[in-house]
């Protein structure tokens, strides 16, 4: 298998000249431009992808470990750490579908919790420490990422009932602003994300 | 360092000025900004100097102490540099804010003064292997308007020139105990020779050109600069230390050009400083010096 | 009259520390005599025997280990994280922090260790700044840690080389590969890749010797140049990333030493290239194999689902249940 | 030099030849530097102090929570300022104490209601210390604040005073007098309003003498105020001469 792979893989190292920049050749990840040429900025395998009308994206794919930093616009998974009247502090542990090695700090301000009626948002009625949320990165501040959940698909996905029992039971969403504990049937307010249940995704895939 | 925020247009303007050899303040690439020098203005210090290079203001005070020489170099005295970035220069330096910059300057100076050919440490020797002078060169940065390395080294050299070490006579008592008698007559003192003391010259690369004495704005525009320590010996320029700063890289040939520029500027600067020190000496005269300080 | 009475210095009294080798100028002299003198113009411009390996640690992502002769260095690059101090922020640039530590057994003299660690750290930061694409991690800091296991000279250059490999291994974008080497001149002898003994001679003695030849009585006598130069370069664009020099050199000697180190850097680059290419190939193969395995797994699952669809759920369960041998029929 | 050193000679002159009520020679200048919003330099005898003022600007960090003006001072002393070399320019107990006292005294003078939620930084750098360091630092800080155009209720000036063996009060204590013993009193005052903003005392006085010593210090304050005022006037005329103010003066 590897012998067959060897023939069409071009290994490159940082600083290696890959090709000339032309109208239909675009820089992908792991590359940079200098004096009209494309150079690699990472070690890895050169990847040329066709995209759209005879446009080629030259990128370098690094095998093994990927370095992922949340970028503006990425959907991230984060755990709420602290809630205050003005903001909630979170730890981002997953970017898109990549699990991070170490978490990054995220900050979710009160104004960015939902799209409408921003002035009536109460952080305490939207998140509790320990919740797992889906959020989008809107900006990078000096010491943390600014997050937003102002979309239907964003918000709390996993939350545990806040009573002091030892067995932590994940709550079930009932509506866009409430979650219910299946054991005690107590409802708690949350900014719930509208997530398609996993079973439906599976059946969709299977069909 | 105090950060100067520049827009792209401003940067381009500076860049074009450098290309035309006509910088924002009207200088050519090889010109220095006007300098003011005053020595002997801190009465508590053995030697002092204040240098103002346009907006960069440096005050240096030298204090002396008697110490034991290093066993490896029994004939050498000691120098110790200390840089303090006063919060007067910028609020960022408050508390320990300036310590990184101070550390960088101390390292550059220590590196430049390391060689005994650059600074003759033997002049600080009292009794070889037993007693030597230790000079504390305390540098205070009061305002920074760019080109700190050059200004600091100029001020340090001027302060060393101004330093008066009291004459010391030793008498050997029995059982190897030495008694040092330090003269308390302020006019009975020795001076240091500073001919070979190095000066730091920062050569800044902006665009494809090299220039000296960058202002704070020009420093922001420069991707890389090389700090050359130039020591004059028998009329020839020698390098007593150099390093690159700024986070950029340069081609070997560019580097050589920068080096050559730095050396020739260092030579001129040395003559200029010698001239200024002589003028200063004449101004002060044999009478009691009258300090102007910051009252000018 | 102010009198300063100094009792006899016990340290200089003779016997107390005389056992310690290398403490007086005479020892330096002897040490110098014991050295193999390479002469004024070195003939072989090549690095020492080098061993580099990327990815030596399993728990940390970007690690590299390098042996340069007897100098052994371990470098670790952690993924960038948020700035610790807001004040450290630079416009449009990430911040690099280098921390150098000596292993407790790395060096004989412990006194100067903290100072040397600090100095090496700041020099290393300066050398690595040009190579890293710092615009890619704005408002972040990149922590690079170096552990020195064995010190036999060329510490800074070996650390730069090792960090260069670790950066690539961690997947941090860099403009080029960075290589570094050092050379020194002492009493008219050019030492390439100086050993710890040679470096120490230079540093401690501080060219005390140089003065002997240049007494004021004979100003025409040749000057004893001395000095150490460490150069880091990036060869794709023939850029010098850092060139740090100490001592006392004439410009001509400086350029001569610079060119020596640049030549050595070129050959070091070949070694590092080989190692990194092998590393990429190795990891690529692993990736390919992993992909093939997961494809196989997917295929198996697809087959099961296919069967499930054809047979219906009950049937499927029936066919998959093994008969319980302990149940009586 | 122990405490039983006489501060006044038989002729009624002090160690440096001054009369008991005489101040040391004061020289000062406003606007020494370009970068700060306000700066000043002052020599009082051999005590030389520089001050720079930045602000008012937006308060930084957690301090921004309050509604009042934040006055942030830093007192540092050059390592070569004293006869004995100091290792640290700031951060020791003495300079932290002075920093606090400066903040206390200056907040009495600054019209704080004009600068809500703002911060004013005052950095004082002692280049040469020869007694009455705090007093000179405060005086020069006042000048720097004026140069920065920050509204003050009035000049805040400080002066030191001491008492000689035969109960004659002395104004403006020099370093030699400080170390030769005797009580020392530092008063920071708003002279026109005759208010004392800060008072510090070392060693003991007889309570009967306290009033006369304070009065001496206050007299010193008034005298210094006049000198500072003249300096400010002169500076303003100098600055304003470009705008043809000089004729108005």
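Each chain gets a letter, A, B, C and D, in the order it is written, and its residues are counted from 1.
Convention: a residue touches a chain if its C-beta (ideal position, glycine included) is under 8 Å from a C-beta of that chain, and two chains touch if they have at least 3 such contacts.
Only a predicted model underlies this, so the values are computations on that prediction, with no experimental measurement involved.
J.: By label order, what chains touch chain B and chain C together?
T.: none
J.: When every step has to jump to a touching chain, what is the lowest number of steps that links chain A to chain D?
T.: Minimal hop count between chain A and chain D: 3.
J.: Give the label of the chain whose average Cα location is farthest from that of chain D.
T.: A
J.: Ranking chain pairs by how many C-beta pairs touch, which one is first?
T.: B-C
J.: Give, as an integer number of Å, the spacing between the C-alpha centres of chain D and chain B.
T.: Taking the mean C-alpha position of each chain, the two centres sit 32 Å apart.
J.: Approximately how many whole Å separate the CA-defined centres of chain C and chain D?
T.: Chain centroid spacing, chain C to chain D, equals 53 Å.
J.: Using mean C-alpha positions as chain centres, tell me how far chain A is from chain C in Å, no decimals.
T.: Their C-alpha centroids are separated by 34 Å.
J.: Touching two or more other chains, which residues of chain B qualify?
T.: None at all.
J.: Which positions in chain A touch two or more other chains at once?
T.: As it turns out, chain A has no residue touching two or more other chains.
J.: Would you please write down the residue numbers of chain D that are in contact with two or more other chains?
T.: As it turns out, chain D has no residue touching two or more other chains.
J.: Graph shape for the chains shown, where an edge means the two chains touch. Line, ring, star, complete, or other?
T.: Per interface graph, the chains form a line.
J.: Kindly provide every pair of chains that touch.
T.: Applying the touch rule to all chain pairs gives A-C, B-C, B-D.
J.: Using the touch rule from the top, collect the residues of chain A that touch chain C in their complex.
T.: 1-2, 5-6, 9, 11, 13-17, 30, 32, 34, 39, 41-45, 62-67, 69, 101-102, 104-105, 140-144, 206
J.: Which residues, counting only chain C, touch chain B once they are in their complex?
T.: 1-9, 11-12, 17, 23-25, 28, 87, 90-91, 93, 118-119, 122-123, 126, 129-131, 134, 204-208, 210-211, 214, 219, 223-224, 226-227, 234, 237-251, 254-255, 258, 262
J.: Please output the residues of chain B touching chain C within their complex, sorted ascending.
T.: Touching chain C: residues 3, 5, 66, 68, 71-76, 92, 97, 103-104, 107, 111, 114-118, 120, 122, 129-131, 175-182, 184, 224, 226, 231, 233-234, 236-245, 247-252, 255-256, 259-260, 263 of chain B.
J.: Across the complex, what residues on chain D touch chain B?
T.: So the residues of chain D in touch with chain B come to 27-29, 32-36, 39, 41, 43, 46, 48, 50-52, 54, 72, 74, 76, 78-83, 85, 89-91, 121, 123, 125, 127-129.
J.: What does chain B use to touch chain D in their complex?
T.: It comes out as residues 2, 42-45, 48, 55, 57, 59, 61-63, 65, 82, 84, 86-91, 94-96, 136, 138, 140, 142-145, 293-296.
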